[in-house]
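Heads up, the next two complexes both have chain A, just with different partners, chain B and then chain C.
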Partner chain A sequence: MTVELSRRRLLASFGAVAVGASAATVLVERTASASDAVPSDVVPFRGAHQAGITTPAQDRLHFVAFDVITDDRDELEQLLRRWTLAAERMTRGEGAGPVGAVDGLPDAPPDDTGEALGLSPARLTLTFGVGPSLFVDADGRDRFGLASRRPEALADLPGFAGDRLEDAWSGGDLCVQACADDPQVAVHAVRNLVRMGMGVVRVRWAQLGFGRTSSTSDSQATPRNLFGFKDGTSNLRAEETAELDTHLWAQESDGAAWMAGGSYLVARKIRMTIETWDRTSLKAQEEIVGRDKREGAPLSGGTEMTAPVLGELPPTSHVRLAHPQSNNGVRMLRRGFSYVDGADSLGRLDAGLFFLAFQRDPRTAFVAVQRRLAASDALNEYLVHVGSALFAVPPGPGEGDFWGSTLFA
Partner chain B sequence: MTVELSRRRLLASFGAVAVGASAATVLVERTASASDAVPSDVVPFRGAHQAGITTPAQDRLHFVAFDVITDDRDELEQLLRRWTLAAERMTRGEGAGPVGAVDGLPDAPPDDTGEALGLSPARLTLTFGVGPSLFVDADGRDRFGLASRRPEALADLPGFAGDRLEDAWSGGDLCVQACADDPQVAVHAVRNLVRMGMGVVRVRWAQLGFGRTSSTSDSQATPRNLFGFKDGTSNLRAEETAELDTHLWAQESDGAAWMAGGSYLVARKIRMTIETWDRTSLKAQEEIVGRDKREGAPLSGGTEMTAPVLGELPPTSHVRLAHPQSNNGVRMLRRGFSYVDGADSLGRLDAGLFFLAFQRDPRTAFVAVQRRLAASDALNEYLVHVGSALFAVPPGPGEGDFWGSTLFA
Partner chain C sequence: MLLRARALALPSVLLAAALGASACSSADATASGARVGVTAGDGTCELTATSVPAGVVTFAVQNTGSQVAEFYVYAADGTTILSEVENVGPGVTRELVVELAAGTAKTTCRPSDGVDGISTDLTVTASGALSATAKPSLAQAVEQYRGFVAEETAALLAGTEAFVAAVKDGDVAQAKALYPQVRTHWERIEPVVESFADLDYSLDAREDGVEPGTQWTGWHRLEKALWIDKSLTGMTPVADQLLADTEDLVGRIPSIELSPSLIGNGATALMEEVATGKVTGEEERYSRTDLWDFQANVDGARAAYDALAPALKDADPGLATTLESRFAALQAKLDALKQDDGFVLYDDLSKAQVRELADAVDALAEPLSNLTASVVNG
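Take a look at the complex of A and B:
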């Protein structure tokens, strides 16, 4: 079916180019930039799970973490209801509000800011999460009567060796992950949610990512990260349906029934010291990663998708330490993006990986793996973790539900 | 011819999708993300003018300004020679160096960092410029024996009313503008030039732009800026060949013969206070801009491309004040990009326009127009200029030439 739809789209696009109309050429561009074998440029918003997790990873990211600045639970809940409707509209390629940027009341601010007018939905997904601080604040206060509903899996992340975390890139009561194949579509969505949240939430931090570093579907080619290596080869993928309930989706039996069908998101801003990396020999780079640079094959032999023979890889190589076999079989669905935030005060490119990983329980997944990596990974010489956040990502909203409605019910 | 090539490409792409090979689907994605009616994904590097000026504006930007940290003119010249060869290679879709990221000597750092392996050239252009400080530094010192060759048109920009310029986003001895339809391709190019420049230059500042805000060719649809309005409707375009010598390209008769065929680039980082803008009524927004939001038609009537009747527009509207008729017929080729750099310490989105404009003489073009805008433009309430830089962009390198060879000759 995927191929069927792609055929129709490409044939339609070809017709559009032939007539040379500018609106039509925009269609070509936007349609085809929906990457790899994508059946449509609209990703359904409602369902058992939120979109933007097993959705084939889009090309661009705008991630935002919010502080809730109201003490009024009703006010927060009303915002979540309004956000949900706006998010659903925007994922369909519509404006954030019913009146719009260009059909609005002339004496009122537009319901939508307008910069995505005429753009395709670009496979926009908006994925919502709640942080530990929404349940209990730093003073131990039950802010919204939710403290008893905090899942055990949403335990604060411990510190790891080598962490150099900054408040400016850490924490958050709420988050929204906007992914799309067009950055303007992702930026537009975040900007409109921020606008709607005025007085109820405030942006705590935000991060743009320009290129995906993982595949979350067998249909996608493996991208390269800023080390120049293929990344995410052994990532958990949408097609591994039997594995998803084990490793990705929270289950009712896990304790917090409102999270059943949801997942837990760990976000880490990982600065890469690429200038140092770039002075490292090819051989050293490959031994540090544990894969060859061209194919991405494990150094134990084979091709990219060949399972590594861990005992034949350097003991501190990243692949060996991060591999499920080294971590009690634990797997995560990684969905990170490369970022460049300009240059730092020393003239180094301020660049790295904005790591995003979804999992059923961070205590046995991210925390366990990162403990091992932080202790021994040869890549650590070229990495600094500067930001960290953890969110519970509720199940997908059904018809009439809103983001987090199972939590607030 | 454009249509011919697009046809072949799309048909090839369609075939690729049908067989479902992952390498082939990447081709589809990359080919078609080359926007609008593009004849090829390689833009020729050498020619009478540098690429990246009249080239139909690509979708993504990575701009970098450098300080030169050597006092040795030969060392600088050698870097420019090496940069030129690397830039030419990268615009063809090759690695930065002849040995490459994956075929390198195992005990040497790779000649290329690798993250663009397998990606298309994505219409990459690399455009090089030199700033006033390369000729004479802040102490009045003739750093490289070039002081006498400084063009009069490269006069330091004056201060403008409302400027809140920060050193962190201003100035530079050299610049490189990398534009491509794939951000990873632009980032890769800048990163490799930075790597090659170690010890000779240091990054002073860098800026990513996620979306073009101007069209530089009749073949392109007009994009929208972060105010939600179509921008650059009356921009100087590649097809206006008779106008380019008048407004864009420096002429031998202008005084600095080495710049003939070059142009002058003004870069301004313009923060938009979008939260304030978003609370402004639709009517006010349209009166401030001087166009309607839906079509982009001037408020004096017609459609997007209708010439405005300036006397019928609000006196302080942006279009009226910025229009060539209000500025002695002056025109520039604008090539700016929207940016979002996350959020600021107050939780506002740190977003705006990275304004880039090429012109024959900034004294009569940007400076004259900006004086008028800074004094009266109704948009000023929603704009803050936080960065400023000026560069002489030499003519395009012919065979065997290097970036700036006419200056160093």
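Take a look at the complex of A and C:
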């Protein structure tokens, strides 16, 4: 009864029996198309770095930030151990618990919620981080005896000109970034982690995203954001191994040894004023961005991948200001998603960019770039930053490790 | 009220869709009890067996008809709903798992439009297997919980008599003072009283739950008179009905066959009431005395837990430790909101306070949902 059945094995058993009910038939059809590439839909969970950073960006996001509501360090650590095992199982396409959605005792609620039964693992990655408030609370209290281990790079983000941050979209003691090619797989993972965490953590805020807005690998075409422009052309990519150590992965020499192999994640919820942007002329849009809309080529000439000649771009264009050459060569790995939260009270699209960027040190990367952008970027007229959070993303768990085990060691 | 007619048996019901059913059969997960196939067609309702051994029984309800169907399992009295599955669409099979005691039961297939269904009597034979009350600690649990229900029932009746007298005297102040206190006794045993769907409706319906063509009666009708209309004019018949229905209820309660799983699932159901009706402030929309009900539901869940605790401590001491600390944490949050003899009004709670209550409810309700399985299988 407690045999671990992977979703793929369940599929096989579905195929073996004559399934008459319509729901099951639909299930089989759906899975057959989703699981053609069997090995490639599982992203390894364990390793030197956490998955979900240099992993080629998936299509869907469910991001969740938590408050820790226990004062008991052991209780928190136990949750992280249970979460890690559940996360590993789910990334393999199995249930959150060891028994699964339908194989448990009839009198007990299942240890997996079941909506991912029969679905492909969909390249699910679950990436875990800890926020500054885990180390010390607003009153400066050392909550779990971790204050001395707070990395210097995990300095609270400063305010930026034009910020209109809301508590409802900001901060968090912990975060989990769930990415998958199937939204139901990502939602399933977050739902089950939230359920397991009740009494120890509570959801502070969460964000669904669709349509990756960056490529994180040479194998991916550059996608478009909701402004209709290609985004992330000069992103840091998985293939740039040497650059990753310089710009992405925290090093032991950076100070916090427990973070070696980890990275720092800045999350910003950036609302776009879609309707006014849509009334802007094509020429103006291209001058604001600094690229042409059709190909994504810099306005200084060439094709999408041609390096821009910054001096030939409009001085307040986004590409010119955000380019590494304007920022001491600093680079980030951007991994954001578009979001649409329906419509606001005026009937306007409540939409924008859920910006996610991983970097070795936010003080010299995101903070430096955002200061420049906040001061001069022509895009600011069409953007409002409404949410902000910062997390230290520990190195990947090795065999037997758990999320954050180097921090709690 | 009123997760309508979901009552005692609800949390034990597995509404397994066809998806779940297929997976079960391949995984042989339901080998632990009898299975009865039910074919519900247009004007037909056929069961593969009309005699089952006592214990866990799984009904696989297949709708071969053209309309959405419902399937009910009633206790021996033919009116107390033990469990139900609704919205079984044409062509769909759903499973219903229910624990039946030896004796008789009744099943009914019914189209969703409310017309009379087709009933079948079921014989439930005593079986040596899975008689949960065979364990002494569980037999004790049943006796302890029966005592709790009897005490609360007596207090509910006495309180209702006093409340009804105040209403009939036109004593608004006294009636308002008694209202949340008396309802405490209802809310403590809510899963038990809700198993009588007719009385749950006449006693505890909210205004938007009143079915067209029927009169709105019961506690919430009088709540509206007291807090919104601020007048008891014309309320005497409602008050008389309240008392008559309560007396009827008190008379019926001894017929309920309590079992460890009913008690455990009752605890879960009470926390579900808190999570969906009380922490959201939906129960007492006029009086705003939701926290009285909140406390009473928690009291009821605690009493059910206390009855099962000796058995649970044998079966799963870790779960017992968790539940006790979570009960204590929730009670501490409630204690902080006490005022005079009762609580602050729901409208006086800040958003942050509501959120903290909701977090504490989730923290308890999630592990509590494993109570029944732990004691029944432990």
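We take it that the second predicted complex is superposed on the first by the 370 of 409 C-alpha atoms of A that agree within 3 Å, B and C clash if a C-alpha of one lies under 4 Å from a C-alpha of the other, contacts with A are read in each partner's own complex, and residues count from 1 in each chain.
Note that a residue touches a chain if its C-beta (ideal position, glycine included) is under 8 Å from a C-beta of that chain, and two chains touch if they have at least 3 such contacts.
Being a predicted model, the structure only gives us computed values, none of them experimental.
*Asks:* Regarding the shared-chain residue A:183, is it in contact with chain B (first), chain C (second), both, or neither?
*Replies:* first
*Asks:* Give one of first, second, both or neither to describe whether A:138 is in contact with chain B, with chain C, with both, or with none.
*Replies:* So A:138 meets neither chain B nor chain C here.
*Asks:* Should A:107 be classified as contacting the first partner (chain B), the second (chain C), both, or neither?
*Replies:* both
*Asks:* In the superposed arrangement, does A:199 touch chain B (first), chain C (second), both or neither?
*Replies:* In the superposed model, A:199 contacts chain C only, not chain B.
*Asks:* So, does A:349 touch the first partner chain B, the second partner chain C, both, or neither?
*Replies:* Once the two structures are laid over each other on A, A:349 reaches chain B alone.
*Asks:* Which holds for A:118: it touches chain B only (first), chain C only (second), both, or neither?
*Replies:* Both partners, chain B and chain C.
*Asks:* Under the stated touch criterion, name the partner, chain B or chain C, that contacts more residues in chain A.
*Replies:* B
*Asks:* Where on chain A do chain B and chain C both make contact?
*Replies:* The answer is residues 10, 13-14, 17, 22-23, 101-109, 114, 117-118, 195, 198, 202 of chain A.
*Asks:* Under the stated contact criterion, what part of chain C meets chain A in this complex?
*Replies:* 11-12, 14, 16-27, 29-30, 32-33, 56, 58, 91-93, 97, 261, 264, 322, 326, 329, 355, 359, 362-367, 369-370, 372-374, 376-377
*Asks:* Could you please specify the touching residues of chain A with respect to chain C in the complex?
*Replies:* Listed in rising order, the residues of chain A that touch chain C are 1, 5, 10, 13-14, 16-17, 19, 21-24, 27, 69, 101-109, 114, 117-118, 195, 198-200, 202.
*Asks:* Along chain B, where are the residues that touch chain A in the complex?
*Replies:* Interface residues on the chain B side: 3, 6-7, 10-11, 13-14, 17-18, 20, 22-23, 25-26, 28-29, 31-37, 60, 62, 64, 67, 101-110, 112-118, 168, 183-184, 187, 190-191, 194-195, 198, 202-208, 210-211, 219-221, 224-229, 274-275, 278-283, 285, 292-294, 338, 340-343, 345, 347-349, 351.
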